[in-house]
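In what follows, structures are represented as structure tokens.
What follows is a pair of complexes built around chain A, which joins chain B in one and chain C in the other.
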Partner chain A sequence: MIRFCLERLAQLIIVFFFVTTLTFLLLRLAPGDPAYILLTTHDVPASEEALNALRKELGLAESLWSQYFQWITDAFTWQWGTSYVSKELVVEELFRRIPATIELATAGLVVMIAVTLIMGISTAIYSHGLLNQVGKLMALLGSSIPTFWLGFLLIYFFSVQYGWLPSMGRGTVKHLFLPAITLGLGLGSMYARVLRTNMLEVMNQPFIKAAMARGLSKKRIFIFQVFKHAFLPVVTMLGTSFAFMLGGSIIVEEIFSWPGLGKYIVEAINMRDYPVIQGYVMLTTFIFVAIHNVVDMIYVWLDPRLRVS
Partner chain B sequence: MKKISYSLNISILLGSSLLIAIVLIGLFAPLFSPHDPLAVNLSNRLTFPSWNYPFGTDHLGRCILSRIIHGIRVSVACAFLIMIFTFAISLPIGFLTGYWRGRTDHLIMRSIDGILAIPEFVLTITIVGLLGPGFFNMMIAITMVRWTNYVRLIRSLVLKSCEEDYIRSARMSGNSHLRIMKRYVFPDVFPSLFVFGALDMGKIVLLMAGLSFLGLGTQPPTPEWGVMLHDATAYFQIAPHVMIFPGLAILFFVLGCQLISERYRKLNSAPLKEVNDEDNIHKSYIKC
Partner chain C sequence: MEKKSQQNYSLVFYVVFCSLVFILAGCSGMEKQESGGGATDNNVTLAFPWSPTSLDPHGIDSWEIMRSGTGETLVKLNEDLEPTPWLAKAWKQENETTWVFQLEESVSFHNGKAMNAASVIESLKRSLEKDQKAIDLLQVESMEPLSENELKIVTKQPNAALIAHLADPSTIIVDVSTIEDKNNYPALTGAFQFKQFNKDESLVVERYKDYWGEKAILSEITIKFIPDGNTRLMALQSGDVDAATDISIDNIPILEKDEKFAVLTAESLRTHMLLFNMRSPLFKDIALRKVIDQSIPRENIVQSIMLEQGTEAKSPFPEILPFGKVLENAPNETIEQLMTQEGWEKNSDEMWQKEGKPFEVNLLTFPQRPELTVMAEIIQSELLNEGIKANISQVENIDEALANDEWDLSMYSMLTAHTGDPQYFLNIFYQSDSESNVSYYDSPTIDGMIDELNRTSESAKRNQLALKIQEVIHTDLPQSFIVHPKTVFAVRKEVKGFTPHPIEYYYIHSKIDVNE
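On to the complex of A and B.
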């Protein structure tokens, strides 16, 4: 287990290294001179002298290799520069907004899991009925519906028409409902199908027949044997879906004016705030890969078969 | 060659007729649209659906139906172009890595794994952010992100195809590599690719709409579905039709793609399922 964890840690570092290199390259490939953009953001007339001075300050005058080396060391020591717009440290700006995004993603995940469990188990039990058709339709719609449109519809019905729930901002639990549903509903109904198929597959296995032969109650078999077995693959999907939530939260935050990372990055992109964009990619990748590894570990812990190999 | 049995099936029928209808309407957009999609009429702002304006008008008094119909051209054509770019990049690389395995293959696949470590939407949005918002930059960004998926798909399909006996015999009878790829491997791989591509069209349209919605993709006044929804943000509370119809357009198109691909996956699930499994990152982790 320790070796497994160490391997993962090494992988994490490699991926991080790769991503920092990629963001460096992307920034160099991006059209436009950062110094020029920085000056124009602050409405300073871009004279040749000012440009040169700023290039020197930003380290742009040095060779590409030394810039790259500087960038890598900075990236690993959490010195991600200062925002062009607010002049504050990128790391601080990002970390201030993380809790909101994590809160939203977690709430989305909760909705997703709830939908997966409820729809998945009930459609597995009543596998050939109206409920199953509803589940099928939901999964199909869930994978085709644009997130932002779903958000609009929810706002329109629950906030504008009936005024039950607030449509924007962050604060009470009430504020969380609509964004979380927007984020989690589609994915949940898709995973419900996976859970259903898994459960139906497991039900054909010999050990279920054996359990039935031993006279265990149907309910008991369902909860302790079938579900336990069928839920394993779903656990791994949680990791992947968290990545989706990080990406999807950009749009959801924009719709619901949620003060998180996603809304910030859209603002940064519109202001051409390069250090923030870079920092954002590195941070999300880091979170994403870290969560993936944690999920993997949980998976190994849950499934003894994997430990042997 | 695998034979796909095309039994007449409701979902395929529904999906394909939906898509064909959408594409036809898009092709003959001027015939179907009742008004000029760009004609501003401020005295007619945000009117609800009526005979003259079946889907109502938007905040500048433009006919929403006409804008949606012309939007087909932008969205679908753009998705199609992105698909062509993606294949242009990923076909050679996928064939290269799948046909000649070895060090190059290993190197390419590892770097692709690295790219895939970044959440797709995050990476797309970053590339758009660095290049600057706009129609072409959006296309470049989506292509730059999506080709990795295709390389993995093509590689695994080619790998599988190369195991077949007839490829071995083709090789033994002295065909050149290029000829084997062209005559034997490609036709074997093509049907799966085609279907995967069709399904992906829906995803690309969704992605583009998302980017345009954030104001990073297509810019107004171009009639595009995502842009229309972006414009709708400020007005949908008083005039919900400005939001409902463009969203439905996206939904129907993506639904059409999904319906077709879902059925196909059931009929011929082996290769695609394998790829989907491979996409499960934990498994590839555990393998290595």
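On to the complex of A and C.
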């Protein structure tokens, strides 16, 4: 077990090294001079002296190797540098926005689960009725309607036309409704179809027939046998979606002016704020790799056969 | 068995992932403050596309701070874009490089501390330390207090634009000791003071009760930062905000139909232009630059693309400026004459060619200002009618693309006189050795005239000189100027006093009010 953990830790370091290096190189290859962009934010031209002074201040005048060495040292000592734009520590900048993103991602997940369960179960029970056709249509719309369009549509009806909900911003629970629906509705409709198919498959399994033969109630069979087996694969999909949402739902955060990671990273990319982009990539890499490794370790701990293999 | 193990794996993955994320969230701390609430009857909410990263008035956020109505400079530009007294009530030039400023006497910072010559000097020194643009604009050699409310500024070389440049937001006057204070917001001198700043979300400013000038009518203004144009429009329509700036011209008809809103426009100091690459073999020669210039359908662009929200441009500076009224002479030669004089002839496809090579140019544009791409397409179509082929390339970063030589024409847009003075722009954009001289225009005549402008202090003479410089530019044609766009605002009709100003940072002032 200890060897396994050490192997995984080594893998984590290797992945981390490659991701940080790749991020550094790709950013430097991408067009755009951060100093020029910063100084011409308001479209007022900048002097050569101003450009050179800022490049020097940001460390962009140093050689690529020197910048890389600095970056790699910072990365492995958990120092993520300072934002070119705000001059604040990148760690603080990113962590300040995580609560807003988690709030939105969680609300989006709740909508997604609700839509998945309600539509998935009802269309599985009434698999040949009108409800099933509605479910099909919603799944089709969910996968084909662009998020930004759905977002604006919801704002138009619920804020502009009827004034029931705020059109943008963060603050109260009311502010969460529209962005959460925009985030969760589409994917929820699609996952509902997956749940429905799984449930119909499970219903035809011999163990369900055996349960019926034993005289168990339909309700009991449905909840404890069919749903339990059919829902587990959907959990993985919901989990993956949630993980992506935590990286920042860029479009939804932008449309609803939601002050989370997604909106921030778009601004950082536009401003070529290298330390912030690099820090963001490091953070998301760390979360994903760490979770996968922890899950692997727990799995090995739970299943002795894997330890042998 | 295998399926069951997969299901278990999924559950474990999900549980571990959620746990880690919530632990992370817990560690980060909830720094967001609750929004102010307590909206009073005389509170207005505005939507701006820009958001400051901090409340430090010196550096990258100076424009955003100025826009919040909290900051003031020594000099202010009036609606005719002339420098007028603000924190400095009078000034005089003692010699070519020495200026003496008389400060308003009853000014106090938002922390109650009185403003005096020493605190102004301290603030200006910090501007110069934090912002190279302030150094370029002011060119300060030394500053010293002469009395409690009098200070002397000596410039390194004659800088006749010093007064106008002191209106730049990079020179906002602040009590420097409050900048690093983590428990309080910076103390400035404006009619409004900071009340609450929620980074990325909003800034609430409240009336400063001890303001030295006319006190603000509104007790509070909330500025919401909404970068997306459509969201800004919908926030206005839904009543979440009372006014919004930078409304897309496509949305004007929607708002004009609704009697709840008033659409306001202001002349801007921006110029959309077409750059010529003076190093391109085609455009080294003036004749072909003239051909392109004559092909630009400016009237059509103003009507069809700008929907009348702009004016045809003849020079880098708009006509609202005293040095922007350049007389344009009708071209002496037609496109046909210019081309034939240069040895070009039309082929069987009615396209111009010389020594077997067609007249083909590449034209750069960029996505950040979508209207420029539409203009490029109209120009491309007009050039095709004239027998010239233009290939449009959209580049993500226009300044990066312009830095290499492989382009012929490019769409571009600049704020040309943001302090109401031509000096800064002419120096940066036209001096032969400037890095921002993107057309690679090299003219000793222009260099000399700009140097003379830098030394001339008398306003009328400066305007004359600026006009003469533009005449030379008009003759040499390093750029073709297309249109001066207007800035569009929309307000709910109850909001009074929200007067659009050509200067983009004077939106909030003490006279804004709201009718119940």
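We adopt the following convention: the second predicted complex is superposed on the first by the 226 of 309 C-alpha atoms of A that agree within 3 Å, B and C clash if a C-alpha of one lies under 4 Å from a C-alpha of the other, contacts with A are read in each partner's own complex, and residues count from 1 in each chain.
Basically, contacts are C-beta pairs under 8 Å (C-beta built on N, C-alpha and C of every residue); 3 or more make two chains touch, one makes a residue touch a chain.
All of these numbers come straight from a predicted model, not from anything done at the bench.
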Touched partner set for A:289, first chain B, second chain C, both or neither: first
Partner chain in contact with A:51 - chain B first, chain C second, else both or neither: second
Which superposed partner A:166 touches (first chain B, second chain C, both, neither): second
Partner chain(s) touched by A:152 [first = chain B, second = chain C, both, neither]: both
Contacts of A:243 with chain B and chain C, given as first, second, both or neither: both
Chain B versus chain C as contact partner of A:40, first or second or both or neither: second
First, second, both or neither for A:217, with chain B first and chain C second: neither
Which of chain B and chain C A:73 touches, first, second, both or neither: neither
Touched partner set for A:269, first chain B, second chain C, both or neither: first
Shared chain A surface residues [contacts with chain B and with chain C]: 31-32, 152, 155-156, 160, 236, 239, 243, 246, 254-255, 292, 295, 299
Complex interface listing, chain A residues touching chain B: 11, 14-15, 18-19, 22-23, 26-27, 29-32, 140-141, 143-149, 152-153, 155-156, 160, 236, 239-240, 243-244, 246-248, 250-251, 254-255, 265-266, 268-270, 272, 274, 277, 280-281, 284-285, 288-289, 292, 295-296, 299, 306, 309
Interface residues, chain B side, partner chain A - complex: 111, 114-115, 117-123, 125-133, 202, 206, 209-210, 213-216, 229, 232-233, 236-237, 240, 243-244, 247, 250-251, 254-255, 257-259, 262, 280-282, 285-286
Chain C-touching residues of chain A, taken from the complex the two chains share: 31-33, 36-51, 53-54, 83, 85-88, 95-100, 102, 152, 155-156, 159-160, 163, 166-171, 229, 232-233, 235-236, 238-239, 242-243, 246, 254-257, 259, 263-264, 267, 287, 290-292, 294-295, 298-299, 302-303
Chain A partner contacts - residues on chain C that touch it in the complex: 5-14, 16-18, 20-22, 24-25, 27-32, 34-35, 53-54, 59-60, 63, 132-133, 135-136, 198-202, 224-228, 230-231, 234-235, 237-240, 270, 395-397, 399-401, 413-415, 418, 424-425, 427-429, 433-436, 504
